[in-house]
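Just so it is clear, A, B, C and D label the chains in written order, and each chain counts residues from 1 on its own.
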Amino acid sequence: MNVEIFVTDKAGLQKFYEAIIARNETWAPVEKFGKFDFKRVSSLGECDPDSPIATTRSAKPLFFPRSAKIMKYTADSTGTRVKETDEDPFTAKRVILGMKHCDARSLQVLDKVYNWDYIDNDYQKRRQNTVVISTRCDKAETHCFCTSLDYDVENLDAMDVLIVNGTEGKVHITARTEKGDAFLKENLDPASCILHPVSDEELKKQYQAFAASFRLKMNYKEINEKLSKIFDSPEFEDVSANCISCNTCAFVCPTCHCFKISDERVKDTGVRYKSYDSCNNGYFTLMAGGHNPRPVKYRRWRQRALHKFVYYKERFGENLCVGCGKCAVSCPVNISIFEVVNQVASNEVV
Amino acid sequence: MARVGVFVCFCGANIADFVDVPKVVEEAKRIREVKFAIDYKYMCSDPGQQQIRDAITQYRLTSIVVAACSPRMHEKTFRKALSDAGMNPYLLEVANIREHSSWVHQKDKKAATEKASDLVRMAVAKSIANEQLHEISVPVTKRALVIGGGIAGIQAALDIADARIPVVLVEKSPSIGGKMAQLDETFPTLDCSQCILTPKMVDVASHPYIELIPYAEVLELEGFVGNYKAKIRKKASYVNFKTCTGCGTCWQKCPVKVPNEYNMGIDKRKAIYTPFPQAVPNKPVIDAAHCTMLTKGKCGICAKVCEKGSIDYKMQDEIIEREIGAVVVATGYDLWDPKPYEEYGVGRFKDIITSLEFERMVSANGPTNGVPVRPSDGKVPKNVVFIKCIGSRDEAKGIEYCSKICCMYTTKHTILLHHKVHDSHAYVFYMDIRAAGKGYEEFVKKAQVDTAATYLRGRVSKIYKKGDKLIVRGEDAQIGQVVEVVADLVVLATAVIPPKDNPDLARLLGVSYDKYGYMSEAHPKLRPVETAKAGIFLAGCTQAPKDIPDTVAQASACAAKVCGIFSGDTMKKDPMISTVNNEYCTGCQNCVKVCPYGAIVTEEVPMGHGSKEMRTVAKINEGVCQGCGSCVAVCRSMAISLAGFTDLQIINEIVSI
Amino acid sequence: MDYTKQIQEIASKLFAEGKIDVFVGYRLTGFDENQVPVLIRDQKDVSQLVFNDRSVFNLVNYLKYEHTRNKRVGLVVKGCDSRSLNLLLTESQVKRDKLYVVGIACEGVVDEQGNKMQNCMECVFPDAIVADEMLGTPHEVRKYKVNADIDELASKGLVDRRVYFEEVFENCIRCNACRHSCPLCYCAKCCIDQETATLYNGANTTSGAFHALMTWSLHLAGRCVDCRNCEKACPSHLPLHLLHKWNERVIYENFQEHLAGVHEGDRGAFYKYSMQDPDDFIM
Amino acid sequence: MEAVANNQLVSIEKPEIVAPPNWEPVIIGILCNWCSYAGSDLTGTSRIQYPPNIRIIRVPCSSRVDPWFLIKSLQTTADGVLVSGCHPGDCHYISGNYYARRRFLVTKKLLNFVGFHEDRIQFSWVSAAEGPKFAKVVAKVTEDIKKLGPLHLYKKENFEK
């Protein structure tokens, strides 16, 4: 599609945000207890869409809620009736501000699994009704490695609107999808912007500076290949030794999508929840008969690493990792998945 | 899926008058799991139970809810009905809609009905989580412990021992016999108390199945029915009973004189003494508090005069341990101290005595050789005033209840007075004459005629002294006038109260007691001799005031109960006990720490299927567990559950209100 | 406070003498000053070990996993860590004769920003209580101080506290990192993870989080040693210490100045009682 | 405060929640079998009247009461909870109520700390002989909780009153 680039300044961007918040249901990073997280906002003052610090948790909960009510039922002597659940708060039309590229990318990864053998209508609806506005980072954080993965960060089309900080306080606003284009037409006042007449050179320059700031670099193809061969590597036992099986990584991960189904009943009314679960959880694979194929940490860790870099790749052609580093940031014992997969891959099986 | 039957009882009008029973049934029918619901006038009656039995088979019910009176009342009845119908009895739940709804919300039928419906819903929710439970067999130690050697203890011990079951009889004082040994004659037959009691005392001493431990007290009782362990402290008597012949030289020579408890302090005994001539065992003990050899190290006369050398001043208390299967508590009673009756001059006027003091005086072996005398001058009294209900039925000064025996013994005292002092005259101030009992009313009537005693219905307001006489001022309610009686002697019929240390003993035994200190029976009507603690029974005044025939009857009832427990080598036990799920148990042993019965031990189990690594888990000794649930609440991993009160059952109740 | 050299020497010696199978210590993350717990199984890896004021994580937590179970373990403990170790010993989770404990007379550790941790400033027992060998200069036992945050919050009104905590529970994502990072949460299956519909509390909602955190903090009441592993682990950065410190204060003030894990054999305030316990709140 | 002036009952923890007209609180009473349950039976046999808001659950001993019963109660059906056991020293199971007492105190204080009014969770010792006391306790607890208004904190989402 024909790309138009709007150029404005910081003040213009603020106005743009304000206009969005005023006209739409808006979600943006909000600080709570010293960490950023996506929250519903009603004014720009509450949030910080351009925060250099990534949200601790991804935007995943907005598309795959922590605990989704999948049904509600009542049971009495006349039978069991499924009741309409309350309206899903996440299927309304909305805008998400300040999503990082990795987060935005994760939605594309998740789309694959949600459009696979079973089409999750709620998820689709949430996706369709959401406009994602993403600001490109200026600098990589300690655990970031998005540029080393199998997607083109520079030309990413996972967001509907892209915002890039250019030189001299200039801000570039581009639509990356048709939805984004329509959105810009509706929400951006062209009077406050200069329509960029020429090429997107400045954007390229910004990207190069950003890409150069990465400390972590890996060859994902090599990793994919090596990991696919080392299922029995004893190395997994070593790298998982200091893991405490706490599940945090899966809960903050933008691409982890495992869940459990459970009922909660009070009086004669029950709710069926679909809640997050994690393969690091000791009884994630516990079967009804009492058998547990992954009773020990290293097997769970192996599953996690291989699912991310081998199985998902084989099935959907993508890594189940966007290189956001949220797991490493939140890990209580500072384990980095980057280090782990590299360490395992570097020790080839004899 | 669960199929629950709900049976709602009218309890005649008790429930139906205040709760809309058909509505409760209707509400119950709306619950998903309820497949059958019905009401009936008396669910506990046989036709009522038949309905339950029929419905179980007809509707293939998997659990039963009976909405009726308290489960403490009829749970057993309905459980029986279930097992008669071939259903596990523990699939029953009782919704208490009488004590908890109809009787306490009599002014608001709507609210009471709503509450009853809720209680039924809770019971249904709980019953869904009920599991089939099976009674537990526990081995039984066939030995009974009888605490107290009065007539109740003696009777119970003899009855049990006659069934060839060993009995340990523990008596606090040096001799058995109790209060009855202090009595002269007994109402209503005027049998000589000693004549009927002492043969039984001798029987106890000589019975091959009775181990008599006098001058001792129970220190500890641990364990559970069929398997108690009792720790008994035998106080040092300083006399070797094995060698002592009971010749009496020691106490004749002893120089220390002490008020004689047996005679209510009217005369003196020695520091080495037998309580009374017919004492069993008839061996003296040294009163360590008064013996100068023991207190000051001076004297030693008894040791010198004892030909057998039986005196041992260095004797120590001895701890005796016995394994016991059942316990009969027969600690008897005390008499209320009438001191609060200051207006009567109690304590100031010597010639006001209590009835037991009077009893000792008129007793043939008493301190005055059977003749009543005035304590002040030793003269034989002519006009004697008896005042009843001293402390009894008196909320202000004493206690609320009727002591039951005072009417009768006061009547007896008027007769005894008449016998001993022919020209005397008795005045009796009374509130009511309560003479219910076989031959009692006749006894009172006859006494009134024979003794020509003056009965004055009314309370005495004041007693004062005039010369050497006491003037008793009271009201004669029948003529509505204040009367004054000139008395030589006033006898107060003091109330019966439980022994002071009854609550201590009750706590030690784990038995509940009421606000007065009487131990509580399991049910006032239907289980009057059992306590709530299995294997512990009550005989005599330890439960409530009663006379000798009632006491003896209750003692024999206890004996029957004890023999019932011992009728087999094992006994059945409630299956409401804790169990450990080894999979979840972490072996932290917090449960071991808090279990009051030491019922939890540890065992080693394999780490997983076929694993050689072992780990420690808790294990419940099901014979010892009493089902309190302390362990369940401290088990953080929820590895322990208490049958009948599982987390699921209780939470089901909570969430279904 | 830097005992890197000493700990490397001790670990090396223990491996050389064949006294241990695994040594639990800290190593650098490799990209910043922060540290990762490390389980050393070979003498050649001993040089990875470090110890300084960034050695924050309570290593006693590692005694519950299969890598150390039934093995002879060398372990570095600070004052608070040793109290949790004491509790694990009392609760029969580890065997003392299988452990070689390097105790630290701790000067206090720092958070990621380099500021001294709040619990270290309020620490009562900075020196390891259980140790085979001590490093550092011992401190005097300090006086118990009521946590400043607690004081502030307790003085607020009921509605304010409700509003504050509603936010806390709302931000909980129920990842359970708190309980997994807690050395005293070693149950094979946590009581909060129930499947039955009426017992279920697993919903990832505010009410579910409330239930989980309440139950969890009550299970740690009288046992929590204030190592703050949970708070450091929490991805939402929730002030979990408030719940524990509040319970600690209630227990300290009401139950004969009880502090967790100080005495061997003391299981915690809920597993003993006294006749003098307050009764005035009961009708 | 305004709502109170209008004679409307509001939840004390959440003043924005107004009680519906004729609102009646639900109180869960967890009673030990040997003392308090027997005492409540005695209240019944003595026909002593008390408010009908309480729903009684029988447990063997107050020490069986796990704090999460109270939490669960407050999160689902109850506006208030009463736990009652034997008087200290009278426990049928020797020492159960001493352990329970410690847990109760900490639970009550903790729930109060996170924003529940302290009167939502109450405790009493009622012996088997104290039928009148049981009625008095229930009356007091009911009155207390009526004043606090409906409880709307952390209720389970499927809970509909």
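Quick note on the criterion: a residue touches a chain if its C-beta (ideal position, glycine included) is under 8 Å from a C-beta of that chain, and two chains touch if they have at least 3 such contacts.
Because the structure is a prediction, the values reported are computed rather than measured.
*Asks:* Relative to chain C, which chain has the most distant C-alpha mean position?
*Replies:* Looking at centroid distances, B is the chain farthest away.
*Asks:* So which chain ends up closest to the centre of the protein, judged by Cα positions averaged per chain?
*Replies:* Closest to the centre of all protein C-alpha atoms: chain D.
*Asks:* Mind checking the centre-to-centre distance between chain A and chain C? Centres are C-alpha means, answer in whole Å.
*Replies:* That pair's centroid distance is 32 Å.
*Asks:* In whole angstrom, what separates the CA-based centres of chain A and chain D?
*Replies:* 45
*Asks:* I'd like the Å distance between the centres of chain B and chain C, where a centre is the mean of that chain's Cα atoms.
*Replies:* Each chain reduced to its C-alpha mean, chain B and chain C end up 52 Å apart.
*Asks:* Counting only residues that touch at least 2 other chains, which ones in chain C make the list?
*Replies:* In chain C, the residues touching two or more other chains are 189, 191, 198, 201, 203, 205, 270-271.
*Asks:* Which chain A residues sit where two or more other chains touch them?
*Replies:* In chain A, the residues touching two or more other chains are 264-267, 270-271.
*Asks:* Hey, what residues on chain B touch two or more of the other chains?
*Replies:* 583, 594, 634, 647, 651, 655-657
*Asks:* Help me check something: in the complex, which residues belonging to chain D touch chain A?
*Replies:* Result: residues 76-77, 156-160 of chain D touch chain A.
*Asks:* Residues of chain C touching chain B in their complex?
*Replies:* Touching chain B: residues 69-70, 91-93, 186-191, 196, 198-199, 219, 267, 270-272 of chain C.
*Asks:* Any idea which chain B residues touch chain A in the complex?
*Replies:* Its residues touching chain A are 29-32, 34, 583, 608, 655-657.
*Asks:* Quick one: in the complex, what on chain C touches chain D?
*Replies:* 153-154, 158-159, 161-166, 169, 191, 201, 203, 205-207, 210-211, 214-215, 217-218, 221-222, 243, 246-247, 250-251, 254-255, 269-271, 273-275, 277-279, 281-283
*Asks:* Per the contact definition, I'd like the list of chain A residues that touch chain D in the complex.
*Replies:* Going through chain A, the ones touching chain D are 69, 72, 264-267, 269-271.
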